[in-house]
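Dropping the structures in below, format is structure tokens.
First chain A sits with chain B, and in the next complex the same chain sits with chain C.
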Partner chain A sequence: MKTQMAAVRPLVAVERSVRIAVAGNPNSGKSTLINSLAGSRLHVGNWPGVTVEKKEAAFERRGERIALVDLPGTYSLSPYTEEEVIARDYLVQERPDVIINVVDVTNLERNLYLTVQLLELEIPIVVALNIFDEAEKKGYRIDVPAMEQALGVRIVPTVATKGTGLDALLEAATEAAGNPSRHRPRRLHYGGDIEAAAEALMAEVLRRSPGLAEKYPERWMAFKLLEGDRCVIEAAGLPGIETMTARAAGHLHSAHDGDIESLMADARYARAAGLAREILTKPDIRKIELTEKIDRIALNRFLGIPLFLAAMWLVFKLTFDVSAPFADWLDAVTAGPFTRWTRVLVGLVRGPDWLISLVTDGVIAGVGSVLVFVPVIFAMMFFITFLEGSGYMARAAFVMDRAMHSMGLHGKSFIPMLLGFGCNVPAIYATRTLENPRDKALTALLIPLMSCGARLPVYVLFVGAFFSAHSGTVLWSLYVMGIVLAVLMGILFKRTLFRGESPMFIMELPPYRMPSGRSLMIHTWEKGKHFLLKAGTYILAVSVLVWFLLNLPWGVEHKKDSYMGTVGQAVAPVFKPLGFGTWEAASSLIAGVIAKEIVVGTMGEIYVPEKKETPAGPAPSLSADLREVGTSFVEAGQKAFTNVFSTAGIASISEKGESPPERESLRAVMAKTYTPLSAYAFMTFVLLYMPCIVAAAAFKHEFGTWKWFGVAFVYQTILAWGMAFIIYQGGKFFGIGG
Partner chain B sequence: MNLAILKPGEKGRIVRIGAIGPLKRRLMDMGVLVGEEVTVEKIAPLGDPIELTIKGYHLSLRKREAEGIAVEVCR
Partner chain C sequence: MGFVDIVLAGLIVGGAVYLLYRSLWKKKGYCHGCDSSG
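After this line comes the complex of A and B, so read on.
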């Protein structure tokens, strides 16, 4: 918000803002630090073309404009992971005025490895020695002046979670940006051989193409060329560069088996290790840390998996049970008072009936269907951020990786898949915990096979009508079918669409830490907001479209004559071999793309048209409505609380499994129009056919492209039709349930 | 002897990294370097991956990746 305000305000002078890039290892507390620095001014988006999160903030500090960019957390600046490429492209191409390098003091050597590489870029740097309090508690002694001396940059101890040192950090950063010549970082010497080769190469390259000096820091470029860095070689675009490099590195090649990349990594680590030794004194006796104590239990051979499953059950329960009452509340408010008063307003301007219907049944119902997802997305984002920030996410991946790897997935895929049983939408968003784009896409593709809560009412209707004697078994069989198909599809995708080496699993197990409340809130809020704005638009559009289909031509007496009915009649023959080739079934399935539970509602409307009930008595007054909205919100809060403690099961989902009495008449009609076999085929189809549009919007939003939704749409449509076909025709052949 | 066959609690010194390309670079970036001392801390409940300490922090690798890292056992 404030960034926009600052932009509107007349500028005091045509002042350039100080551009600060924040770089650091994952788990260095960088995220917390930037949240504390920027606060509510933080803007969260994506780096162009990729799914990596980009955080930015612009604000004013003591008359100076500051533009802060958070680079993805990386261990290095090598050219292999998406995050590393983004970070270094930004640093090299955009050349920020100053880099704030967040360093976790409790893990100094590995963090300094990145610092050493940042120094090569010859951009002014300020180092934030973060998590300083924990280091002090451990009895570490850090010689800050010696470190400043050795690196030639300003060092500021910080505790991001408490906000300590952040003001001094910004002060040092702006100072360094204003005085780049005085804050040029020191060149760390990598040993005679490497330096000589780099110098020779640099001279030769610049002689041939002097322009490259503008494009890259010279020494950095020389190192990258020696390392054989593909990106830099291509970008330099110098013919014969490989021979030049080979000549300059001739001596190095023969002395080190030609592996200069390893040689460079060794040299950099040697500097990092040397620095760490110089400036850090650890106490002689090492205490057994809390993290190790927790992990003895959390990763224990026998307890590891039960504890993990218990933790997951808790997350699942909290996510869905806490959010459900608020979703119901939003649903009731939009469908009740909000619709009522909009109707009055449109009536006041003498709007025709069709306009009232479009606004209330189309637009407001559409907005409502977006809103009901907001609580669950908030809740999910909160718990996912908590799991990640606390360090448990890495343990979950460690415990589950073996099982998930067998179907081509990553240990971290488990949690999004599990959330899928509640609702596919937050589950697709939760795939952002996976760093590798391949793992992420594959996980998201399999999530729709997890039978979500919205499919349950459909099962309940049919199970109640046909399988009441074996209701539990039939229900279970559907869930199990989804899981088995997910495993099979995972293996199939691994061999086809995602062929090739599965990504490596090299993962840090960070110390357990309490995530800061501020970080939790910012992440939760940003995700919810984005969902509303971005995904909301698509969902609204489709809702309005479906309204048109159901209600046009205006004034249709019978649903069969509406456009939806017409489309249903046209599509029905496709479902004939599956046992439900009627326009009623086809239309219900089409309407179900908004949300699968709508299948039941539409069937109700089509099979048993209800008489429009006229509300008894006068409509409640505006003040009565407002009071009702308030009290029902409080009730929702209480419900959320009792949901959590009332039962060990998932209260919000078991409720959905109950069938309201008014469904009795629908059930009776079903029993006449379907056979048990075609009913089972229909349920299979509902389980498997295309994800609802909210999930589609989540796919688009999370991946920035429709591609993966397209893949999901195609394979699921084929799978749904194929499975229903096999079940129906197979059943008929063997004479079961027909 | 490779890293994947060390038992929990055993310590080794890395003598060679068999991996090539991105995997090797990634390992090196994480501090898995020749000459480095590494301790196997735990094996995951399902038998894979494994947890190590190296350069004073905890790292986990799949056994397949650990197999390519040759070590000599330290006492």
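After this line comes the complex of A and C, so read on.
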């Protein structure tokens, strides 16, 4: 597996290079620590399992090149989960110069279990006692010198979110890397029987294959062979290794029914627990902490799911309230001054008329129609990042556990699904955190039903045109529809493609934390920039191609008769029973297969008026336009502020009666072309129809086969058509919104 | 539409197709900006 390079600053005159692996339990703050040290932007969240693979951030310090490798969070170094394998392979095979072991000091004993295993690798270690401030608040006292003495490694208290202790940590790590012999960690004794068996086994193994000592740390390899670790046994490649192990550990085998792995785990736990008892003093009177108080409500078996739904509703309402005025502002600027002045500029370079049309009616109308919704996407990502950072997302997975069990999955599968609200592609990759291949495939199949940010522009366009008074609720209903259908489809798949028992769910619930402003900004930007990059790459490319398809054969008078119009007309009857059987809707949906935002981009191009009306009176000057852009931006800010504190919903979208000067806004066109019922059916179809091409590639990449994408394509297309049909025909039958 | 127009249009379409191929297919679903992706 490749390492992702997250951030590399320019390096000059580097004297020495130091590779530091950052290892620790899930949610102990490894990525935050690296981000603080290296100024990088690795994804962090207050929930376990954020880092799925190892990532690297490099920087220069006092002439040294420091490369920090962020390993996935693991509780042990057993080869059972993808994260454990990635972390272990890196540590054993790549042998970093030093390991920074990030220990969540509020869960010391459990974190020390991993520390004990890291010590076995005999690589210099520095322990970061992270989240030290919270431990102090709880009244914990930690005897750092005693811990250093017991483990034989440097211990540095840190608060990664505030940057506290990080200079000392880095200093200790580079010092340890420079003098590995002086910083060799202490060998913790696991008891006479185990140690004797390991020694005897190693002596025999090295006698038969001395080269193995170069490949693996001897003592660690002995323990792994004793445990019967298949990966190490295969890598060692020694014939008769089982016999050798049995001979060396005959006494252990007979005393423990051959379950040496459990024996080893007990020995390590005993060391971790003993150490924690020696160095940690907790206050006698235990306060009921805020996290527990909140969890009594948030995890209540009756209130948990309603609260989760309410939290989602609030996210969508706030998203709309904050972003809609800015979306309106961008819409007016793109359709007005920007289009006008681009036309002037292309005219100045004497571009032919078709080129002017390609730029304004193709690129600006197509890409611009999508970019208008960037404020909405960023607002949404901000609130999702807030929920992730606060620790609530882990609770969401927990409260969904029962619903997930009904479809043969567990709450852990809900985490990749929650990631799918941002973008389905990383969510499909995140299924690798699931141990069972059956769970992975089933979860991946359900992820496209989670409404990703790319579908948001479509919803906002239609919600703004038809449901402005209840925008948050309508948007929320679409997301909830996705979740409910995922549960129902999961149950169906469980009874057909994926028979089997659902495994037990054990998940760590992190304490609630207030995410820092810096972290919120960085991660909102990291999530949102994906959409800006898409706009500059394939949305741009598709806009250009769509413009040609709408204008070919060359000189075609009506778009309806163009190549795109002809294909749209051929497909449109399929959508007639759904309430949007027009060639414009059909063409947009076909183009949206590439990425869902392209539905809006294509509509933007299709609905550009074929005959341009010249605005009455002289065009405003550039300075007047710039003044107007600035003034309207300030007004948008004021409206956003008012909206947040107003219970009446969105002021800006509902006021949107006037058209921008250069072309009618897409929303106004939609209001004339659709009915509220057909608009809702259209949004439902966009929510559910086949995954985009990038998600298809992710399916292929992750599973190595097109099979699961094929299943997703077929079931989603049927589901989308069926649901849109039920909504439109049902609504007509009952006389709703037609 | 003259010869120059046809060449220019061909170059633009070729560029768009290449951009699409590069961003959608060549990178095998790599998600820009999604740093938890594969």
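Observations on the model:
Note that in this section the second predicted complex is superposed on the first by the 416 of 738 C-alpha atoms of A that agree within 3 Å, B and C clash if a C-alpha of one lies under 4 Å from a C-alpha of the other, contacts with A are read in each partner's own complex, and residues count from 1 in each chain.
As a working rule, contacts are C-beta pairs under 8 Å (C-beta built on N, C-alpha and C of every residue); 3 or more make two chains touch, one makes a residue touch a chain.
It should be emphasised that the depicted structure is a prediction, and the values quoted were computed from it without experimental measurement.
Contacts of A:V425 after superposition: chain C is touched, whereas chain B is not reached.
Legend: residue contacts after superposition of the two complexes on their common chain; A:A465 is shown touching neither chain B nor chain C. Chain A is touched at more residues by one of its partners, and among chain B and chain C that partner is C.
Contacts of A:D266 after superposition: chain B is touched, whereas chain C is not reached.
In the superposition on chain A, A:A696 makes contact with chain C only, while chain B stays out of contact range. Residue contacts after overlaying the shared chain place A:K55 against chain C, while chain B stays out of touching range. After overlaying the two complexes on the shared chain, residue contacts for A:W354 are found with chain C alone; chain B is out of touch. In the superposed pair of complexes, A:A541 makes contact with chain C only, with no contact to chain B.
When the two complexes are superposed on chain A, none of the residues of chain A touches both chain B and chain C. The part of chain C that touches chain A in the complex is made up of residues 1, 5, 8-9, 12-13, 15-17, 19-20, 22-25, 27-29, 31-38. Of all the residues in chain B, the ones that touch chain A in their complex are 17, 22-31, 33-34, 42-49, 51, 55-62, 65. Interface residues of chain A, counted against chain C in their complex, comprise 4, 6, 41-43, 50-53, 55, 352, 354-355, 358, 419, 422-423, 425-426, 429-430, 432, 526-530, 533-534, 537-538, 540-542, 544-545, 548, 554, 594, 693-702. Those residues of chain A lying in contact with chain B across their complex are 75-76, 78, 80-81, 107, 109-110, 113, 261-262, 265-266, 269, 291, 295, 299-302, 304-305, 394, 398-403, 405, 411, 504-510.
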